[in-house]
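Several structures are given next for inspection.
Both of the next two complexes hold subunit A, though its partner changes from subunit B to subunit C.
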Partner chain A sequence: MTVNELFAKLHEVPADPKAQMDRYLAEGKKIVLCAPVYTPEEIIHAMGFVPMGAWGADTELRRAKEYCPAFLCSIVQSILELGINGMYDGASAIVIPSLCDTLKTLGENWKYAVPSIPFIPMTYPQNRKPAYGVAFTKAGYERVIRDLEKLGGTFSDEKLAASNAVYNRHNAAMRKLEQVLAKHPEVTACQRSDAFKSAFFLTKEEHTALIEELTAALEQQTPGTEKTPILLSGILADAPAFNAILDEMGLHIVADDVAAQSRQYQTDVPESGDALTALAEKFANMDNCSVLYNAAKPRVKWIVDTAKARGAKGVLVALTKFCDPEEFDYVMIKKACESAGIPITVVEIDRQMVQFEQARTNIETFRDMLNM
Partner chain B sequence: MYTLGIDIGSTTSKCVMLQDGETLVAKSLQLGGLGTDGPEDALTQLWRCSGLSREEMARVIVTGYGRNKFEGADGEVSELTCHALGGRFVFPDLRTVIDIGGQDAKIISLTPDGRMSNFIMNDKCAAGTGRFLEVMANILRLDIDNLGAIAAQSETPAAISSTCTVFAESEVISQLANGVKRPDLVAGICQSVATRVASLARRAGIVERVCMSGGVARNEAVRHYMAQALDVEISYDPLAQYFGAIGAALYAWKQIKK
Partner chain C sequence: MAEEVKKAPRPVDPNSAKYKLGKIAADAFADAIEAKKKGIPVAWVSSNFPVEIPETLGIATVYPENQAAGIAARGAGERMCNVAEAEGYSNDICAYARISLAYAKLKSCPEQDVAMPDVVLCCNNICNCMIKWYENLAQELNIPMIMLDIPFNPDYDVSDAQVQYVSAQFWDAVHQLEQLFGLKWDDDKFEEVTGFSCRASRAWLAATGCAKYVPSPFNGFDLLNHMAVMVTARGKECSGDAMETLYKEYMENHKNGTSTFRTEEKYRILFEGIACWPYLRATSTGLKSRGINMVTTIYADAFGYDYDSFEGMIKAYCSVPNAINLEKSRDKRIKLCQDNHVEGMLIHTNRSCKLWSGFMYEMGRQVGKACDIPVASFDGDQADPRNFSEAQYDTRVQGLMEIMEANKEQKGAN
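And now, the complex of A and B:
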């Protein structure tokens, strides 16, 4: 397939995730929903289920407000809204990690709001790096395994080792794509978003194949004329209207620190030891994220260093409204960028945005500031 | 060579015509911004007072929240960029612009050579904007243009503590019921807008010379309390409401010179 055909294919899936879910169900596959972030997809995959991302959608929040106060992350609220409205019907379960306070409330609300889809908690430790942290993570995974066994899944260390390899290959494919995209300004922000978002709704084997083909095709393509290179940071940046503004303003994302995009692919499962411990060690080794506790905040330096290395003229933070962990980090990121002479701006986004005019004015001014 | 800048805001539309990017030839302002006849009315007024026509304009740039819906310009640019350019046109040593418009407030920092180095916009909230003053003026049955003069008669500004326009409205009504004098109440309202925007301004960093732009800049009480809150002199020019349109006309001129 050509680059454009591949992007068209990658656009189809996130444009209608429900259709993709129904296709898998019709094929007799069992689906387990994976709420953000760092849900142990490898375990779900190894036990014979299709892990499918549940990051909500841009939708009006009505029923979710019966359970949530207004000032709550709209990603989480929209997951609940879709669940109540039957958009996830047919899924065997939902796994919800405990990595932020709002996600903790999601699990508890889910049990009452969407009783037809069992809730499986994944409780992560705050201190994940010491041996006791790894043991705690492993115990959490064992709880997930027990719950999935009740749904007909079967676990073995060999199957998990195979799944870990599948996921490591996907991680590598996504990292390579991200590097190649940095050299291709002709790829739009909308296309880039599709490439990442589609990973949530396809099996990793299918997605890896498409991404590897796309990367190879892009490497054969002559790069377009450089636009205004930026680093994009945030939890989520998949709203088509938001990405359309980036394209309209001639911004080229040369690196990202977006949780739903590259941030999740930085760390592989180690190949040594038993597969479940190795998976717990992967979580211990992860970093550079607002919801992963680390007093040294290496994420801040990572953003500055990456922006410099990739030649970004500025950092655009797409701040999910009412996301406390990201808001806390933003202060440090802003200070570090300003000290390094890297212009930075913040645009608040949420799942209920209909009007993007304020965001457009902000981004347009930022573009002008970088180019004047 | 003439260039035209059009600034379509939330409550007013402004036009400015410049000659060779240096001389202000004509200007116009009409009530009614985005989604009204205001932009067309402002243009009609401009053609009438200048005796020139659209065909004689070398380039036309539109700015403001209505910029994307306006047809007939050669390009558009954000109002922050324009307020920076327009402010610098009037005050060549300007370093900080505090722009309070009808629906939002913006702080723009400039480098010594006039380049934009930072900016902050307020959240989608009417508190600290011209809309806040408009709502309060309606409650008090006053003309918004007279608020500054009435506030000047105040001896002790009333405290308006609410951070929200809706709650501030009931607070003002309560204060009226308690017999608070009208000038004190108006002064408190102006002080509330100034202190709220001053907090935003401090986040961007204040470097003198500081000026105010936008419609609220015309309110001398807001300027007074802004100076007090920031402990700096606030420069003001009667063209403050036109800074966006001046900047758009300058932007058009710069594009021609490129």
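And now, the complex of A and C:
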């Protein structure tokens, strides 16, 4: 397939995740929903289910308001809204890690708002690096395994080792794509978003194949003229209207620190020891994220270093409204960028946004400043 | 023009619980300032961090949540929040955190000064927001952070895995502090501190448990003040004595038919959530003027740590209100309602606290149904005065009262 054909294919899936879910169900596959962030997809995959991302959608919130006060983030509220409205019907379960306060409440509300889809909690440790932290992560995984066994899944360490390899290959493919995209300003922000978002709704084997093909095709393509290179940071940046503004303003994302994009692909499962311990060690090795404790806040330095290394002229923070882990980090990122002489701006976004005019004005001013 | 005659403040009996508890709370701030001058390490500590650690090691403590509540109650919440917001902090962030981060920058606030820390001791059994807040404090002040992670428990009981994880961290935190400040852990001292903590906790639970009497021998708003001692000084010997005095006074009130709720107690409610510190008077008057006594609150349980073993202590810290699932949270409220003859539930939907408010709608429905009581909620904030409307509060409380009244009439008719 050509680059454009591949992007068209990658666009179809996130444009209608329900259709993709129904296709898998029609094929007799069982689906387990994976709420943000760092759901152990490898385990779900190894136990014979299709893990499918549940990061909500740009939708009006109505029924979710019966459970959530207005100041909970729209990602979590829209996951609940879709659940109540039957958009996830047919799924065997939802796994929700509790890495932020709002995600803790999602699981509790889910039990009563969407009783037809069982809630499986994944409790991660914040002190994840010492041996006792790895042991607790493993205990959390074992809890997920027990719950998935009740739904007909079967676990073996060999199967998990194979799934770990599938996911490591996908990680590598996404990292390679991200590097190649940094050299191809002709790829739009909308296309870039599709490439990442489609990963949530396809099996990793299918997605890896498409991404590897896309990366190879892009490497054969002559890069377009450079636009204004930026680093994009945030939890989520998939709103078509938001990405259209980036394209309209001639901004080229040369690196991202977006949780739903590259942030999740930074760390692989090590290949040593038993597969479940190795998976727990992967979590121990993870960092550079607002919901993973680290008093040194390495994420801040990572953003500055990456922006410099990739030649980004500025950092654009797409701040999901009411996401307090990101709101706390933003201040430290802002200070670090300012000391490093890297321009930074913040745009508040959420899943209920219909008017992007304020964001447009802000981004336009930012673009003009970068090009002065 | 007639001159306003100011009443002289009523002298407080130095043997009373009010005096003793007030002194302990005030001394907690002053003692840390004195300790700092003497070169004793000072820690800023999360309210539900195991106080047994700093108390045993002889580290002076400051509780930023308590400081922020005091600052907010004295009217400086908005001013301090504005300082944090000028730094780039969103006004959606917990107002306690904003006030504390503002204090870290200014290092001064006449409404409640504290000693600056040499270390921050963070425990997230109250919320994960605490982690981000303390990470930033540690960065801004360039001091170490000790993190004791107690994850939210989605199950009803505390698992062995969680006990092992938290226990390992407990000792890790001790060793880190020993190394940082050249201190030595003393098992005898630890035993003594746990004894003090349990004694204070038992007396606190007994005192708050006096709400079972009708009428209640106390105004529930008393608990909001006295709670400060349970937050800041539950590991100190004097706290046990003061709490026992409180219990004794409440029992005497009950025997004498008196109460610190100085009007007729017509209705009894459970108040849910952290107090609206900037509007203590308004929220209190709105209830008292209608004869509504907030006889109980989850605070009664929140700082009552009674245990008889190390594992019991770890489990107690794993079972604080914000670390437990909906069902366990609900059952605790149902028990409070049943034990204390509660007739209505008033929920503070606290803009500062996503975790506390995040499943409160559903829990409120379940508690209301199980106890057959009306439930009303109002919007507010624990420390940012911009998020509260007195008119809305008044309307909601009036509505709650009318249903309680109708229920009483119906009961009377049957």
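By our rule, the second predicted complex is superposed on the first by the 372 of 372 C-alpha atoms of A that agree within 3 Å, B and C clash if a C-alpha of one lies under 4 Å from a C-alpha of the other, contacts with A are read in each partner's own complex, and residues count from 1 in each chain.
By definition in this document, a residue touches a chain if its C-beta (ideal position, glycine included) is under 8 Å from a C-beta of that chain, and two chains touch if they have at least 3 such contacts.
For clarity, every value in this text was computed on a predicted model and none was experimentally measured.
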Which superposed partner A:D368 touches (first subunit B, second subunit C, both, neither): first
Touching partner for A:F322 - first (subunit B), second (subunit C), both, neither: second
Partner chain in contact with A:L72 - subunit B first, subunit C second, else both or neither: second
Residue contacts with subunit A in the superposition, subunit B compared against subunit C: C
First (subunit B), second (subunit C), both or neither touched by A:E27: neither
Which of subunit B and subunit C A:T345 touches, first, second, both or neither: first
Partner subunit B, residues of subunit A touching it in the complex: 343, 345, 348, 357-358, 360-362, 364-366, 368-369, 372
Footprint of subunit A on subunit C - complex, ascending: 87-90, 92-94, 97, 124, 127-129, 131-133, 135-136, 138-139, 144-145, 147, 149, 151-155, 159, 161-162, 164-165, 168-169, 172, 325-326, 349, 351, 354-355, 357-362
Contact set on subunit A toward subunit C in their complex: 66-69, 71-72, 98-102, 104-105, 107-109, 111-113, 121, 123-127, 130, 132-133, 135-136, 139-140, 290-291, 293-295, 297, 319, 321-322, 324-325, 327-332, 334-335
Contact footprint of subunit A on subunit B as seen in their complex: 65, 68, 77-81, 104, 115-119, 121, 123-124
